[in-house]
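What follows is a pair of complexes built around subunit A, which joins subunit B in one and subunit C in the other.
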Partner chain A sequence: MRKMERLSSIYLVGVFIVLYAPIFYLVYYSFNSAGTMYSFEGFTFDWYREVFCDTRLFIILLNTIVIALLSSAISTVIGVLGALAITRVKTKRFRNALLTLNNVMIVSPDVIIGASFLVLFTMIGINLGFGSVLISHIAFSVPIVVLMVLPNLEEMSPTLIDAAQDLGASRWDVLTRVVIPYISPGIFAGFFMALTYSLDDFAVTFFVTGGGFSTLSVEIYSLARRGISLTINALSTLIFLVTLLLVLGYYIISKQGAKPGKAGVRE
Partner chain B sequence: MKKVMQMFITVVIAALGLMYLTFVLNSQQGYSGGNTLTVYNWGDYIDPELITKFQQETGIKIIYQTFDSNEAMLTKIAQGGTSFDVAIPSDYAISKMKEQGLLIPLDHCKIPNLKYIDPRFLDLPFDENNEYSAPYFWGTLGIIYNPEILEGMEFTSWNDLWDERLRNEILLYDSAREVIGMGLNSLHYSLNDTDIDHLMEAKRKLDALSPNIKAIVGDEVKMLLANEEAAIGVVWSGDASEIIGANDKLDYVIPDEGTNIWFDNIVIPAGAKNVEGAHLFINFMLDPENAAQNTEYVGYSTPNMKALEYLPEEITGDVRFYPGSDITDKFELYENLGKKMTAYYNELFLEFKMHRK
Partner chain C sequence: MQGRTRNIYLIPYMLWIVLFVVAPIALIMYYSMFNIDGAWSLENYRRFFTPVYLSMTLRSFWYAILITGFALLIAYPTAYLLTKTEHKQLWLMLIILPSWINLLLKVYAFIGILGFYGPINSFLRIIGIGSRQILFTGFSFIFVAVYIFIPYMILPVFNALEELNPSLVDAARDLGASPWATFRRVIFPLTVSGVKAGCRAVFIPALSLFMITRLIAGNRVITLGTAIEQHFLVTQDWGMGSTIAVFLIIAMGLTMIMTENGKLVK
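What follows is the complex of A and B.
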């Protein structure tokens, strides 16, 4: 038995090495003073300094964060409302249909979502830029939030709501004091998922940016065309770290939320 | 509820704060005023100092945006959601844009510096009389090789690539016109040949080359050659100068039979908002001193005759990148072959790629 455990942990380590090796390779060379990806000469922070000295890049970084924060906040609100609406639907077939429509958005390739948004924006005459990127990011984040919140809503016992109503709670009270506190782990999880998706997104953003507005992933892509400068490595390392922090934040919050026995209790 | 609200409010406040910061930064850089010029160019294809210089001289702020392929640029401009004041497409893309009415004619009175351009590079088939475009950089397709690995082998002709000693050493671009063109050139046919027999002959000849081919790649060709992972590549002169910059053991030759010559020209796309500024920018980039500075930064060949005087002898005297007119006469531009012929080229190229060694 013990032997099996050891084998499986070796296997696990192997898988993780394969998964993370390219990222660490890239991170390692971001400190290379030689300026190439193949011979490590000496340790330097030059590439990072270059990243921070570049105001344009900094503005793009800020743009990326603003888009991520705003789109995930707005999509959390819409997503939670959507999830509530889906659970209210009484007929099972209609509910399943709604859920499937929701899941289709998650499964369909980013390229298609991006291209169709581009067509849509051009047709109705929305200028490409901040607004178009924000709208499309909200659009692909909402289904994720719905999916994260739904399980929480479904496992919530309907008797909780009945009990609250029996004790004289209005519908608003039921929503804000019973339902939302109960599903808050799902809300946070959905928010962080949306945040990481928005930060990572390349394909959709690539289609709908314009007018001098750009996000990091799109910028890195156009920088990488010449593929020589290590500022790309430095920048990618920074993004990797931020994403890592977000995942950690998500993990800590979901762990806190998992503590039982607090549902519906006023703090 | 309280926790959720707190978090929500924090996020919104943080986002608004960051937006304000972006706004402040943008206005410090002058991007928010009306006097801006949006330049749409390949990544890292201009000396950033020249952008600063242009801004200081004219007071026009430049918004610099990049694309990675002519096709991506064409789509963005044709789609029309954003306006670009200046763009830098390649020759064949310019003729496509012209066909689709995506270009604004240049006012030659406003670009006096056009007189510094070498007449060899003016009035070309893709834009007669330079009605719509001004040359930015030009180059060739040639052979780059590593004499050290190849123990002193020399290359003068496309046919040298068929040498048996070069088993599994050659890198090619994943691009139909380049590869089929190379096959046609090696048989002394035109790059724009539409004779089916000639094309089949070229295809058979290319099939014979396949044992020598290591890989058919994209931009990574630069890294692979600079890292000496392959000995020979068929590359654009611009890429070649970059590879040689990274690893000076390599050498570049233009084959005797002739080859493709390509241009990246500056144009004003339809929908430009600052046409006046765009002319200023084009004239600024054609200024000999600026063109020279840009050439040193980018490393491609400048079409600006006067700029050559400002460049060091080691750059301008290099016949690999500045061949004389006796050689450039043998070069050919890619002509638009029409849909049917382009499809046929692509099909031949696909068959070549699938050919077993």
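What follows is the complex of A and C.
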């Protein structure tokens, strides 16, 4: 039994090492003055300096952040409305149809979403660039928001709404003072997921971005196709740190939000 | 009263569904019926069934099956051992964390790791095998893809294992089942839903990834995704690209139906 335990911890540690090795490999060589991803020569911050001095890269970074924040905010609104709509649909068949269509978007491979949106935008006549990227990011983030909000709405007792209405709340009041506060953990989780979807996306953006507009993922791809450049390493170290902070922040906030009995209580 | 609110909420959501779910799929099907000169024909479908495209499709499926299989082989024991650890939620989060990091960066790291002067080749030199070309082979593609997909396989399997009632395992042991028999007859059948969910999460992307094939496998491996990207963005043959996309959508539908069964049984 002892031996089994030791074997199992070796296995787990092995998986951990393999999962994290590439990330730390990137980070390690981002300080290499030799400019290659092998044979560490000396310690340098040059590549980081290059990242911060590159105005083109800075604009691309801004683009990425603006797209991520705008698309996740808008898709959260549409997604919450969608979840509200789904819970209100009484016919089971219509409801299932809506949920299936919602899931189709979630399981669709990025290539299909990208290619079909490219066709769609060309048909309608939307120019490829900021607008098309923003619209696609909104479009593929909506279903995940719906899925995050739906469980919260379904567990909400209808008596809460009845009570509010009995006490004279208007429909708008019921929505903003009772329903929205109750489902706020779901809304928050949905917004966060939409944010990461948008920041992570490469394939869809790659299809619908024209020549002039680029996000970080697309830029890294075109840099990486040209071969190794330690600027990417420096950039990825920074992205890694930001991701870590985001996940940590999300974890802390969702822990607080999950405390029972606080829903809808104003402090 | 109720009817009016329902309609108001439905409007933006239905608009989204029609515009971005129904219309794009319909457009892909529509475009698949035009040849490269823009004339209406079923030529693309005929071309798809020529040996060139058929072998490409079969190979893409074979790669996806291998990737899913290896990912499951590594992920299942990991998930199982995770459920046995103390602080398992923390460990799980640490396993999931790498999957939050941008895919491209991890793939980019492997260009260095698997490269001719990279650590893997140095290791091979030290143990006397000598360096060899690892990058731009089918092996490197499978290796990196499995690496990318492991967390997506661990998560559903872990959740299924967590739902498993431990007294069932104890009962099997008390009744004299060997550990292997317990696994084969009790644990695995009861966690099949998680395995199916994991396979779905890995198989469809494995068919359609084009970025890993481009960066890691050179042009050695052509998946359905690579072919679609090639037709849409390089050769500008949208009709043929759409035809391949139609078959990818069919594959996706079939995968979903096959992996959905688990839930119905449960």
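Just so it is clear, the second predicted complex is superposed on the first by the 252 of 267 C-alpha atoms of A that agree within 3 Å, B and C clash if a C-alpha of one lies under 4 Å from a C-alpha of the other, contacts with A are read in each partner's own complex, and residues count from 1 in each chain.
Basically, a residue touches a chain if its C-beta (ideal position, glycine included) is under 8 Å from a C-beta of that chain, and two chains touch if they have at least 3 such contacts.
On a predicted model such as this, the values are computed, not experimentally measured, just so you know.
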| Contact breadth on subunit A, by residue count: subunit C or subunit B | C
| message | After the superposition on A, what does A:251 contact: first (subunit B), second (subunit C), both or neither? | response | second
| query | Between subunit B (first) and subunit C (second), which, if any, makes contact with A:36: first, second, both or neither? | reply | both
| message | In the overlaid three-chain picture, which partner chain does A:111 touch, first (subunit B) or second (subunit C), both, or neither? | response | second
| request: Classify the contacts of A:184 with the two partner chains as first (subunit B alone), second (subunit C alone), both, or neither. | output: first
| query | After superposition on the shared chain, which partner residues are touched by A:66: those of subunit B (first), subunit C (second), both, or neither? | reply | first
| task | Considering only touches as defined above, state whether A:176 meets subunit B (first), subunit C (second), both or neither. | result | first
| Residues of subunit A at both interfaces, subunit B in one complex, subunit C in the other | 36-38, 118, 221, 224-225, 227-228
| query | Any idea which subunit B residues touch subunit A in the complex? | reply | 1-4, 7-8, 11-12, 14-15, 18-19, 21-22, 25-26, 28-29, 31, 36, 38, 42-44, 63-68, 76, 79-83, 219-220, 222-223, 226-227, 242, 246
| task | Would you tell me which residues of subunit A are touching subunit B in their complex? | result | 36-38, 55-56, 58-59, 62-63, 65-66, 69-70, 72-73, 76-77, 118, 121-122, 126-129, 132, 176-177, 180-181, 184, 187-188, 191, 210-212, 214, 221-229, 267
| note | Contacts from subunit C onto subunit A in the complex sit at residues 2, 5-6, 9-10, 12-14, 16-17, 19-25, 27-28, 31, 74, 77-78, 81-82, 84-85, 91, 93-95, 97-98, 100-113, 115, 117-119, 122, 147, 150-151, 200, 204-205, 207-208, 210-211, 214-215, 224-225, 228-229, 232-233, 238, 241-242, 245, 248-249, 252, 256
| Along subunit A, where are the residues that touch subunit C in the complex? | 8, 11-12, 15-16, 18-23, 25-26, 29, 36-39, 78, 81-82, 84-86, 88-89, 98, 101-102, 104-105, 107-113, 115-120, 123, 139-140, 142, 146, 171, 196, 199-200, 202-203, 206-207, 216-217, 220-221, 224-225, 227-228, 232, 236, 239-240, 243-244, 246-247, 251
